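Here come two complexes built around chain A, the first alongside chain B, the second alongside chain C.
Then we have the complex of A and B:
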């Protein structure tokens, strides 16, 4: 187990040490202590290591992650796991805006609530939020799955492309071109898998699926907003 | 009686200047289709530009340099503020970001080849980095755009610099647009979108909203790339003084400023022609911001939008830019709008020199297309050679002017070397109106 004191040893040293680790490293377990809301913690990682952040973080924690398993024992600021490629990021607390923005792959789990624009422009990432999500979530979301065990705020899935949205509670309003869709067996299968991996005991049958009406895919004057 | 009336002089039919033939045609087009006009290219209307400036050359009080023999350096270093590995260019002209998707793979390759031969950089664009371009570009700037299509940490690290695109001169405040005809399987795959849809890239970044957030975003990008890469911020010509100040505040190494004449792959005509300012009006304001922060030359300024010749380059640098960037000129050098395709332009209802339906993907010159048969028309090796020639000529022209003004480095050109032919240009460039020692707004004078 490696322990890194962010307060005394600084961000640069942390990220360069973590980024230097290759797949074959034996330093697979890291504890980051005293994160104290710092930005850009554990960004650009590319090795199958486990990083435990012992506290809350600022912006972009786990940004562009590949392979690594990052667990934040606290809450995260904006843009957590932004543009993640693969690996897992788990947030024990709440997440600020843009959680999982533009993510291409991997799994982001938020045990608390996520603020607005969760999953904005997501491109293949899977996101599971145990609590609620804020407004404009999954705006222009392209692909991947967003699972919300609580409620969703206004304008969910505005200008949605092909991402799948699953919400267990209420949806305050749907955004442009986002509609309720039939939950088919293959969707229940995806949900079951994601809920299990995200350690949630919600039952897949309790969710409603939302997706793109695909009315904005070709410009049509009658659909202009 | 009747005859006299018929032969009486008549009022000449007068076409309204307000309701001109082209305006009327546009009204009819709008009435028939119900959709605004989308096109490629930059502003076509005449706006104050570098043509409205002249160099004075050497005279009694200034000492010129010998035409070919005496050295006139053109090297430019970009990214000296924070980056561990600044970019070193042999010439002060870079190739602007043009998306793969709007341009074909071979066109991107040709740009990379030409830029590399000339000792300069090229830039990716919306839609991600292609092998064609990375493979053939010695120095490649990777754009970080609102859409984040194709964005990934490996390409970020393969890049030589990162350009955060906030705006573009053709459409400050607008996102990209790539219509279905051009969303081939490859383009769709790179963008993670369904094939054949009309695609509109986001107009604002998904995970930061203002300069305070951007500062943190830049920290993240630097952390991911080991603080090696110069970070540029590209803005459209909107509020150049404040935009430059805020870009510097956010931590930019380089500010890229693109005026309204700057090309685009596809945007609404109304946007291209009516939003944003000409580059001539923006340079001095950006330089003023740099000087106010005591960072002129420390943070470099690249300007673009309608740069065509070495004279344009020299004038932009004399006004305080460190380098220029070209898009449209580079495409023309590759063969865009070449009269040799006139018959085909005619079939498309246009003519060589006016062809701007780049978004439709039927480019006879094979540049702004994803149709394999058309793409084949552009030989990337020959294209690269032509682009290199063009860049060389522009550089020689700029050096010719710089030597005539007695400068041993093109960066030594200065506003004092210039006069303006029009009042507007004098006001925008803050150089004297030709034949006077005055410009509108000159300190200590009234207007």
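Then we have the complex of A and C:
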């Protein structure tokens, strides 16, 4: 177990130490203490290690993650797990704006609420929020799954492409071209797997699926060059 | 980008530490706005007396003998307290309007930062740490205070372009964002008789709230109205003599974090600004909702 004190040892040393771990390493367990809302904690990791952040963080925690398992024992600021490629990021508290934005892969779990623009432009990441999400979530989401165990804010899934959205509670309003869709057995299967991996006891059959109606300009083949 | 910090104390025993706590919060937000900084402190109320906080780029010349000159001009006792480029004049409340007129004639280069029973505003160009040190903010006590670190977008980097802006007695406003309809609204407010000193967008928002409150709105109602009438990006933190308010535009892309305990309500553009507050580990910490008005009163 490696313990890193961010207050005394600084951010640059942390990220360079963690980013240097590639392939096989015996330093697989890391505790980061005194994060005190610092930005860019544990970004750009590319090794199958476990990182526990003992407190709340600022912007971009766990950004661009590959392979690593990162757990934040607190809340995160804007842009958590932004552009994640693989691995897992778990937030025990709340997340600020654009959590999981542009994520290509991996799993982001937020045990509290996520605010606006959660999963904006997601490209394959799976996001499970135990609480509610704010407005403009999954805007232009391209692929992957966004699971919301609570309620969703205004303009959910505006200009959506192929991402699947599952919401258990209410949706304040749907964005342009986002519609309710039939929940088929393959969707229940995906949802069951994600809820299990996200440690949620919500029942898959309580969710509604939303997706793209594919009616916007660029879905019409006659508008192709 | 700009940084905002705010602290509204519920526990009187913390009042002597207001300046120290707010200074630490402000300095943490330096990299959100290193070009200028300002702080509004709401201090203790003295009966029938008001404060006029003034600023001058030629403080030595402008402030020399100012109390006596003003006393002679408006025939009332005036005390003066000097703080670097600022000075706080104290005089009978009913003489404030007269004193402002006299100041404009006696010392035309002086700028009025604030007037009111309890408010003092200090703001200057420079790093937040240096600004706070110049005015010894850490030594100040008070009931609530608001600070701002500025990264200018809508008007020049000058003392008058720094926040907080005060357009009414004991009122102030700080802003992170930019307003797009401030020119038309400035014309409208000026036609309605509201004084606006700069071409800055934030001063228009402050003047708008003052105008609403002059016409009978409460702070909460004025903030509600601002959501309909102001166009642009904003996270506002507002102070009045007894109150402290927060509102964000419906898009809410300018960051905001709040914390509340039995001892205080605190605002920060980032959580980093709040980490040194007492009992923050057990505080209720949340992100203010878009288009939602929050306010507290003493």
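As a convention for this text, the second predicted complex is superposed on the first by the 217 of 225 C-alpha atoms of A that agree within 3 Å, B and C clash if a C-alpha of one lies under 4 Å from a C-alpha of the other, contacts with A are read in each partner's own complex, and residues count from 1 in each chain.
Just so it is clear, contacts are C-beta pairs under 8 Å (C-beta built on N, C-alpha and C of every residue); 3 or more make two chains touch, one makes a residue touch a chain.
On a predicted model such as this, the values are computed, not experimentally measured, just so you know.
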Touching partner for A:157 - first (chain B), second (chain C), both, neither: neither
If touched residues of chain A are counted for chain B and for chain C, the larger one: B
Contacts of A:78 with chain B and chain C, given as first, second, both or neither: both
Partner chain(s) touched by A:106 [first = chain B, second = chain C, both, neither]: neither
Touching partner for A:15 - first (chain B), second (chain C), both, neither: first
Contacts of A:218 with chain B and chain C, given as first, second, both or neither: first
Touched partner set for A:116, first chain B, second chain C, both or neither: second
Which superposed partner A:43 touches (first chain B, second chain C, both, neither): first
First (chain B), second (chain C), both or neither touched by A:62: neither
Residues of chain A contacting chain B in one complex and chain C in the other: 58-59, 78, 97
Touch list for chain A against partner chain C, complex: 36-38, 56-59, 75, 77-78, 94, 96-97, 115-116, 134-135
Sites on chain B touched by chain A in the complex: 34-35, 147-148, 151-153, 156, 180, 192-194, 197-198, 202, 206-208, 213, 216-217, 219-220, 223-227
Residues on chain C engaged by chain A in the complex (per definition of touch): 250, 252-253, 255, 257, 270-275, 285-287, 289-290
Of all residues in chain A, those that touch chain B in their complex: 11-12, 15-16, 19, 39-40, 43-44, 46, 58-60, 63-64, 66, 78-79, 82-83, 85, 97-98, 101-102, 104, 117, 120-121, 123-124, 139-140, 142-143, 161-162, 217-219, 221
